[in-house]
Structure formats: structure tokens, C-alpha cells
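Next up: the structures, one after another.
In what follows, chain A forms one complex with chain B and a second complex with chain C.
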Partner chain A sequence: MRKPRRGSYWTSRGYLLRFLLPSMIVLFVIVIVPMVFLWYVSLTNYDLGKGWDQRHFAGLSNFLMLFKGEDRDFWPAVLTTLIFLACTVTLEFIIGLAVAMLFNRTIAGKAVWMAFLIIPLTITPAVIGLMWKLMYNTEYGVLNFLLNFINLKINWLGPRSALLSIIMVDVWQWTPFVALMLYAGLQAISTEPYESAVVDGASSLQIFRFITLPLLRPMIVVAVLLRSIDALRIFDTVYVLTKGGPGNITELLSLHIYRVGFEHTGWIGRSSAVAIVLLIMATIITTIFMRVVNITRPAAIANRIEENTSGFGSAA
Partner chain B sequence: MASEARHRRRIRFLKRVGLYAGLVVVVVGFAFPFYWMLTTSIKTRIETINPAKWIFSPTLENLVFVFTKRNFLMYLKNSLLTVASTTLLSLVLALPAAYAFARFRFKGKENLAFTVLSLRMLPAMCVVLPYFLLGRFIGILDTSLILIIVYMSFNIPFAIWMLRGFIEDIPIEIEEAAWLDGCTLTRSLFKLIIPLIGPGVAATAIFIVIQSWNEFALALFLTSFQARTLPTMSTMFLSVTGIVWGEMASVGVLTTLPVLVFSLIIQKYMIRGLTFGAIKG
Partner chain C sequence: MRRPTRLLFILVVLSLVVGGQSLFAAGYGADVEKWLAYVRANYGGTTVTFAATRHPAIDAMQAMTDEFTQLTGITVKYDIIEEGYLRNKLLIEAQGHTGTYDVLLLDSFSLAEYAPANVAADLKPFLDNASLTPAWYGYNDIVTAYRKGIGMYSNVVYGVPVAGETRYVGYRTDLFQKYGKQPPKTMDDLLTLAKFFKGKEKDLYGIAMRAQKGIHFASGWMTTMYQNGGQFLDQKTWKVLVNSPGTVYSLEYYIDLLNQGPPDISVYTHEEAESAFALGKTAMWFDSTALTPWILDTTKSLVADKVGFVPPPRGRAGAYGALAGWDVGLSPDAKKKSQEAGWAFIVWMTSQIKAKDYVKQGGTPVRTSVYSDPELVKQNWTFPIQLESLGRAANLVNDGILWLAPHPKFLKVIEVAGNYGSQVLAGQLQAKQAMDLAQGEVEKIMSE
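Right, the complex of A and B next:
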């Protein structure tokens, strides 16, 4: 193809289509088509036990069944999901901020210390489930062995503490992510506002409240939103640890989809309706996330050269 | 006066001690579960159910058992095939698109880019249902092909965003200057841009490897025997009674070691990857 007349390739339609179309077509076929199909299935009464021809168009009856509480585990699953989301995001933020501030000092061998934060972030989530199962075991687990010194014994995955236990695993797994993000944010703050605050006689609490937190705000918002989306998406660790049990104590929406659709029943139509509910919840938070990123992106591009030379890698 | 100086020195010393004590607590907290799994994998069967046993002579019997009796190599082969294909195909498709999003000017660019990104955020359990049904109709359930396709569905959007960020880091003037010298767009892309973002492409590739290697939910429901990948081995150990802890830990260690090595290589890009290039920290 010849160079388009006058100036730039950047507005050439032909080149644009050649670059963009292949991946867009692939994404349309492998994502959009299946998702439209999911919407369709959620409007049928399709049952894995019966043939595909046996399905009927059921309108919104799957959704009505959920909302009117005929599926007794639906609203509890929504509630559990929201509790899980609120607890994990709050704890990860608080502990993550503390860890970030701890690292935001002169430390000998900082890179080595920080490397340990990477462990929970990249280990296979299903294996994280196994790992904690090993430690949570009531009789042979190392946690109860340690608690034994203060005469305590907890049935970690039992009815009373199972939800707390899966929250703890998620906090262990993702606090480093929040910490690394907030650490990068802290490193990007210049020393100027601090210096003038000290001159003005501000206390360290005031400095934290009126300087550090506001300047960290963009990072905090992005971290919290990403964690919220992931809290809705979680499946692996909970499946390996409890499969949603005992009873439905740890049955998050994603596990409810699994139980209705795959385990025992095979009610794909109804399961798809639950999936649509989860999809809508995730889409709402994703939309907020993208609004935020859309606001911060242009500024980020403008600062790209500066940012390239700072940050976690080179500062460590 | 002298005592006051000494007092201040002592406080500074105590602060340093407190800082490093805090670091030790943090590091032990995040590393201990992995350490415990690692040691469990080299304990004998009796030692694994004795949490008081912290010092022991290591044995390789669990690791050997995983290879000989648990068919580890088949899972490994499937994982390697799935991950390699996913990574290669995702990069080849994403690179030109990322270039288009980074450089070209067209109507609705940001909207399209964000639609693409939103595909990365879909919950696995929403994607699994239609894939299960469609896979059954077409007859590709329990093949690596269906896993490669579904893994591409979240890795292409990821790669487009990551690579777009790396391309945007490179001043646009370099290419425009090359055109003045008679260079064509395709040539400047291959001769200028791709070599310059080489590290970025490598980091993106490693992220795709990690994400596909770790994926569990889709692999669990879309495959049953032949195409199973390593993470699904964990389902062998789900019943509460009679768990063989040593073998379970060995599977965990063998599955995670490659990922850990990879993640240390891209430590510098960690934040960037986990935020899809939205934050470059």
C-alpha cells in the first residue's frame, strides 16, 4: 500500500483496517457470540439431563424465580458475595497501605524484601487453595498447631469460620497487589508538599490525612475497583477450599452458578440467569473502573517519560 | 546536652529495629504458606500429619509418586501445548491492534479500546456456560483447542492494552522522521517499533503465560480427561478424608515453580501487568 497523500499514515483507513480488523473479528467470534448465546440460554429452561431440542423459551421466568426467592440459595449467595467483597477490599486496602508505607523508607536490600510480595500474586490460585487447605486442617494443620500454644483450636473450614477463612486467603493473596500499587503511588509523590507541611508544623497524622491520602487517591481508587471486580470473579480458591460449603456458607455467586449448572442438577437455563446477574454486577464496576482510567490516562501519557524513569522496578 | 543526643540516637536506632522487624513480619506472613507447602512436599507420609515436625530429613518419594502414579507428564504436556499456543496466537493478533490503538486516529477509538478491555473483566463462570454448550455442539470439549480459544478471549484484550502502553511510550516523532527518509509504515513498524518494545513484548508474553498456566475454572469444566491441565490436578485432593498431603504439596510445588521464576523476571512490570497497562508504576 502506498503512503497516503499529505502527511500521515495515522488517518489511513486501509492501514487501520488491516491492523485492527483481524483481532476484532476474532474477539467478536470468540467472546461476543458466546455472550449473546449466554443471554439466549438464560431465557430458556434448558436442562443438561434432557436434549437440546427439549428446551423451551421460558421468557424471564428464570430471573423471576431468582428474584422471588424460589431459588432459596440465590439471595444468600448475593449477600455472601457482597460481604466477601466488602471485607476483602477493606482489609486489603488497610493492610496494603500499611505495608506500602513500611516499604516507603530507606531499606537495605529493598528489592529482595519486595520480591517476597510477588509470591502470593503469581502462584496458581487453585494451588493457593491446596496450600491453605493444608494449613487449615483441624487436626494436622500448622495453624491449629501454632494456636495450640495459646490453647485455641479453630475448625477453620467449619460452618462458623469458613467464610472468614476464605476471606483470609483472599487477603493473603491480594494484599501485596494493593501494597505494590500504593507503594508506586507513594514513590511518585514529590517531597515538596511534605517539606512545606513540616515547616508549617503539621503533625505526622495531619500530614497523612491531608497530604498523603489525597495524593494517593487515584491509585487507591484504581486498586479498590480492580479488587472489587476480582472479588466478584473469584472461583478457584473457594472451589478448592470449600466448594461453597459447608451448606451454603461460602457459596458466592460464581459458586452458585457452578452448583445449579454443573453439580447434581444441570439446570443450565437457570444457572445462566445467575451468570447474567453476576455479569451485570461485574459490568457495573468495570464501567466505573474504565471511567476512572479514561480520566487518568491522558495525564499518564503526558507524563510517560517521567514515569518511565521512576516506579517500583528502578526505585527498588 | 550529650545525653539528649544519645537519647535521640537511641530512638533512631529503635525506629530502624522496628522497621526491619515489621519487614520480617510482612515477609514471613506472605512467604510462610509457600514455605510450608514446599517442606510438606519433601516430608514422609507420617511427617506430613505431624505439624510439630519442623526439622526432618527430606525425601523425594512424593515427587516421584506424582510423576509415576499421578500421570503428571500428561498434564504438563497439555499445559505446555495450551499455554504456548495461546501466547503465540494472542501476541500475533494483539500486536497490530495495539499499534492501531496507540498511533492511528479514528472515530470512537477510546470507546472501542474500553470495550475490548471490558472483555478481559468477564467472570470465568459466566464464560464457562456458553463455552460448555457451544463446545459440546461442535464437539471440541476436552480438547486443547477449546482451552486455547477461550484463553485467547481474555488474553488478546490484555495484550492489546499492555502493548498499546509500551508503544505509546515511544515518541511518535521517531517514526515520522523515518517516513521523511522514505520508510513505509510497515517497515517502520517492523524495523523500528517492534525492536524498541522488545522487552515490553517479552513481559506481555510472560504475563499471558502466567495467566493461562494458572487458569483453573475453565479448564475444569471444559475438559474431562484428555486435555486436562496442571491446575486441575488439585481436584484429586478435594475429599477431606485420606488426603495424601505430601503428594498434594508436590503437585502444588511443581505447578507453581515455573510461574514463580517467570514472575521474578517481570517483577519490574508487575503493577503494569496487573492493571492492564493502566498504571505504569
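Right, the complex of A and C next:
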């Protein structure tokens, strides 16, 4: 080792590495090893019923089978997943932003309201599924009981409404998450741009559009990104509610992976291939999203605000 | 201590000891005591882990466990897992040889899969071990159809039946009386009655059955399939009969029947079907005899006092009934001591002497002695009807068909069939179209 200058030993690579090593090892075992296993298994025809020793190398046949349409439920599952993604993220963003803005003022008992908001986030997804399945029951569920007073009866988990119903449950559970993130973002914005905007005579809609939204952009990006990734991975709640049914109406890709690999058919090789497709889809979606949003340094945001607000008060 | 007090003290202690002994020996003869002593000596203090699911049989066993622990010193830890997960868990644990569980609840549905995967141990050595399995156990008292049909696969004993079941029809006596209807004798009657009652009164539907995508749909379908002349696989040649006219007809019949049920029947498992019937939402119910205790439970069911049962109606192909059930078995990967302690647990819970207690706690009868016991028959008026339904299950076996085809791929086949059936129910496919597609997939599975 080089003769240590004062302070350089404590920041030297070797020393820091020793601290990082334990978590690197854990991360490797938990993340990298299963990932490599997944890639490997997707190239075999491993069948849970037949056992590990009976597997054969199958090349890309698992993937080709999906794209050639031999798996009839694959493309419907992709479409359902994309619809689910678009609806949940959009609804959660809009409602979450509204809730965050409502919280961004002095309210009596704000802490209590925030506690209510957090409750859905703390419940296990499977329990949420069971809860909602009971509520959605057409005969003895709470929702239809209440709707009965206005002579309405909705078949929540029937072929026409099942997808909407699972979207509703996801929005119910995760909107508070988006709301809290955006609330934190709103709290972090300084009051100066607002003060100067008011002085310049901007309307509240202009303030919202040209000051709040741009300054909130980093938080919005994070919230939407996290929700998108989660929406692609959702499993427990939907499985408990409908198991992917009726038919294949609520069979998201995650459920398709589970059904092909574990629900009696035991085709782990095939389901690993679908899992990799889902992974690639998630990567593409998030990459596109990051490009579109093109989040940059705070200075650039400030410049943009400057440009946007320069017209205030000139529309006399 | 002064003399009178000391004498009193001795008398009190003596009477407690003697009283305690008689408490233990209450109702159990000398040979039972001998076995209990043997088990206490060799396995006292062991913990047995039992992988199970929610079922009246398990409710009954749990109610009897405290006494068992008191008598033998063996603690039992129950791990209640959802049915679908249980099967996966057992398969994965067996693959990894983890030995996490000692005693297993085995679905007869899955024995064909469990056997090649070594999920359950061969129980013959345990049954033949005279010190572990005493004479009073009464293995041959268990109904033959259950012993051979549910507990064995390929002539190997994998489990002791704890819940044999067939399927029969429950109906609302008050509604039938009101509209002057007779309970269904044929499958056509069943459909006609279901159509009649649907919407007859506010929030009333014809029938409750299982229809959730996948194996639940297949299970419900199979309840009506064989009588209607359908079959998935020819059980002699293993030819795939998924799109045969009989099977397509049975699917169309089942879809028609399901459409007379509650609107969200497409997500019903046996739990929702039983709840719907027990809450008075449907006029009829066609499902497992093992769920009868839940329907007749006055604390949970609103129809307990106005329900009647009839054996599975006769169809165009014959008067057939289902035969399925649950066994308890042992894991081959468990440590020897826990495994033997687990066997002691099984012996106690499923023995002839505890059978009455078991049934009184809500367990399902599997023994001839139980079905013919006058006291129990008086309490459980459904027993003769269940016995008659078992007779119809025997009809199927006598005609050379097992309700669950004894093929390792059978579960894959019914999963695929149930998947397509669900799509027909959702209106995404026509029955013939769906079965043609399923035929292709199943043929591929069978040829793998």
C-alpha cells in the first residue's frame, strides 16, 4: 500500500470495500443468483412435476412459443397488463395530486387524516384481496348492500367489470402512497416563486401549471416510476380476487407466469420465459418514460419557470 | 404437622393421585393405556408439525389435540395453508428434502402428482409395526372405497383417509314446499329446477356451485360431467376425450347450470358456493358432503333448519357420484423420531375408538362403524343420504372409471380444461370451440 497521506487511508478503496462487502454479498445472493437462474431455466424445459434431473436444454423455444401464439393467453395478458398499468398509474397520479394539494395547507387534525391515509398501505396485499372479495360479492357484499338502497346491483367480479374492480382496489391501496410523496414534494417547494407570481398577477391555474408542476416534477417522476413498476408486478391482490378470471379477463402477466409455472401445469421453463418478457417490458417502459420526462438540473427548471412566468401581468 | 392434619394431608394427596389416574383412564381400556404409555415413553416432548388446510376435518382434529398432548406429551403445531398453496408447498418441500413438515394433509386430487415426486411416505411399514399401530386402531374398519380409492395410489398406501367425500345436492325444503316442487332425481330435473328458482323471489338464485378459473371450475364441472356422459381421458387407453360430444355436452350443461346461479359465480370456490347457499341466496347447492357440518351449523348458517339432501341425480350416462377426499400422511424427509411421533398422532386421531369424538367435533365419517352407529346416525340425519351417494360413487368405480383418473398428468389436464371452461363461462369462447382448443393442448401434454 502507498504511504498513507493524512486522511487518504480512511477513504481508500480497500477500506471502503470492506464495509460494502457484506451487503454486496447479500445483494448478490438475493438478486443476482436468482436472476441468473431465471435466465438459465427459461432456456430449459424444466417441469415441476418431472423434477430437476429431467430437464433438457430447449434453447429459445419457450420464447418462440410465446411470440408465435402457441400460448393463447400470452398476448391478452400483455394487453391486460398495459391497460391495468395505464389506468392505475393515471388515476393514482390525478387523485394523489389532488389529495396532496388538499393537504398542503393548515388543516385541523392533519396528523389524524394522514394516519387514515396510510392505513391501506400497511395492510398485506393478500388480506386486501380477501377483504375486497367479500365486499365485491354480489349477494352478501357491503358494496351491493349499500347500492341496494338506490336499487342498483353491480356484478363487480363478473366478465364486464372484473378489470375495473381490480383497478379500483389498486387505486384504493396505492393512491395514498402517491399522495404522500407529492405532499412531501409540495412541502419542499420554497414560497419565493409563488410570492413573485402573485405580485406579477398570475391566476391560480397559471401558478399551478407554470410553477407547481415543474417544481414538483422530480417527485412526480419518482412516484409515477415506482407505481409503474409496482403495477407491472402486482400479484397477490388480483390472485385472491379473481385468480385471473373470469376467463382471462384479469389475467395479468404476473398471474400468467404463476399459472403456467405453478398452477398444476408446472411448466417452470415456459413461465420463466414469460417472466423475462415481463422484465424486458418493464425496462422498456421505464426507459421510455425517463427519456420523455427528461428530468434535468434544478437550474434548468428555474430557467424554464423564468421563461414561463415572464408573460404574467402583460395580458392587460 | 399434628397427627390428624398429616393424615388428612396424606388422604388428600392420595385421592388426587388416584383421581388423576382415573381421569386419564376415563373410557380408555388397558390396551389403549399400554399404547399411550409406550408413546409417552418414546416420543413424549417431541413436536410434530402438521401441514394442513382449512377443513372441518382439521377443525375436529384441532379440537382433539389438547387431549392428545395431555396423554402423550407430543405437541402438535398446525400450519394452515390455503388449498392451492398447500399443494405447491408440499411439492417444493419434497424437492428440497427440507423435512419441514412431519404430518401432511394430502388431497386425493393430487396423489397422482405426489407419488412420483415422493411427497408422502409409504405407510405400510408403520401400519405393520405392532407397537406403533395397535390392534384397536381398526384400519380395515375404514370404508373400503375410501381406503383403496383415496388413500392409495398405484397400490401404495400414502395416506389414511380423514375426509372422504362424495358430492350431493342440498336443497331448501321451505322453498320446494312453497312451490310444490320435488327434489331433483335426474340431471334434467336439476337444470329445470335451477331455472325455475332463479329470480323466483328477490335475490334468489337457482344453484350455487364452483366455477373459479382453473381447478375449481374443473372440480365443479366433474361433479356433473360423468353422469352427463363426459370424460377427459379414456381411463383404459388414455386417449384424450376432451372434445368428444359427451364432454362438450357436459360443458354446455354445466355452463347453463352456472348461469342459473349468482351473477359472480365465475369467481366462486367451494367456500363462496357454500356461503351463498347457507345464507339463503340459492335454492340448491351441489357440492361436497364434507361441507355438510358448515351448512347445518346453526351459528353460521341461516338455512340449517330448512335444508334437505338428495344423492347426485341420475344423468344420461348413469347414476354416478364423485369420490375424493383428504388423507393424512407422513413426510419421508422428516426426522425419524418426529415421523414416528407423527404416526402416533395419526393413529390416535383416525382410530376407531376416537372416531365418534372426531365426528362429533365436525369431522367427516370415513368408517363403516361410524356410518352405522345408531347414536351418530340419530345426530347426523344426513348419514344415510351420504351412504347412498357413496353407493353412486361406487357405481362409477364398478363401471371402470375412477372419478380422478389415476394418471400423473391428470391435474394438468383438468387445469387446462378448467381454464377453457372459465373462458366459455365468461362468454369469450363457445363450448365446442374451447374444447377443440383444449383438445390440442391436452394431447400435447399427454404426449410430452
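Quick note on the criterion: the second predicted complex is superposed on the first by the 269 of 316 C-alpha atoms of A that agree within 3 Å, B and C clash if a C-alpha of one lies under 4 Å from a C-alpha of the other, contacts with A are read in each partner's own complex, and residues count from 1 in each chain.
Criterion: a contact is a pair of C-beta atoms (placed from the backbone, for glycine too) under 8 Å apart; a residue touches a chain by one contact, two chains touch by 3 or more.
Quantities reported herein were computed from a predicted structural model and do not represent experimental measurements.
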>> Just checking: does A:Tyr140 make contact with chain B only, chain C only, both, or neither of them? Give me first, second, both or neither.
In response: both
> Where does A:Pro120 make contact in the superposed view: on chain B (first), on chain C (second), on both, or on neither?
Replying inline: first
>> For A:Arg72, using the defined touch cut-off, is the partner it touches chain B, chain C, both, or neither? Pick first, second, both or neither.
In response: second
> For A:Gly51, is the partner it touches chain B (first), chain C (second), both, or none of the two (neither)?
Replying inline: second
>> Taking the superposition on A as described, I'd like to know which of chain B and chain C A:Pro159 touches: first, second, both or neither.
In response: second
>> In the overlaid three-chain picture, which partner chain does A:Phe262 touch, first (chain B) or second (chain C), both, or neither?
In response: both
> Between chain B (first) and chain C (second), which, if any, makes contact with A:Gly247: first, second, both or neither?
Replying inline: second
>> Does any part of chain A touch chain B in one structure and chain C in the other, and if so which residues?
In response: 52, 133, 139-140, 243, 262
> Contact residues on chain A for chain B in the complex?
Replying inline: 3, 8-12, 15-16, 18-20, 22-24, 26-27, 30-31, 34-35, 37-38, 41, 52, 99, 102-103, 105, 107, 111, 113-135, 139-142, 144-145, 172, 175-177, 180-181, 184-185, 187-188, 219, 222, 226, 229, 232-233, 235-236, 239-240, 243, 253-254, 257-258, 261-262, 268, 271-272, 275-276, 278-279, 282-283, 286-287, 289-290, 293-294, 296-297, 300-301, 304, 307-308, 311-314
> Across the complex, what residues on chain A touch chain C?
Replying inline: 47-49, 51-52, 72-73, 133, 136-140, 153, 155-159, 162, 241-249, 259, 262-266
> In their shared complex, at which residues does chain B touch chain A?
Replying inline: 19-20, 22-23, 26-27, 29-31, 33-34, 36-37, 40, 48-52, 93-94, 96-97, 99-101, 103-106, 110, 112, 114, 116-119, 121-127, 129-131, 133-134, 137, 149-150, 152-153, 156-157, 160, 168-169, 176, 179, 184-185, 210, 213-214, 216-217, 220-221, 230-232, 234-235, 237-238, 243, 245, 248-249, 251-252, 255-256, 259-260, 262-264, 267-271, 274-275, 278-281
> What does chain C use to touch chain A in their complex?
Replying inline: 84, 87-88, 91, 95, 113, 116-117, 203, 205, 212-215, 262-264, 266-267, 272, 275-276, 279, 281, 408-409, 411-412, 414-416, 419, 422-429, 437, 445, 448
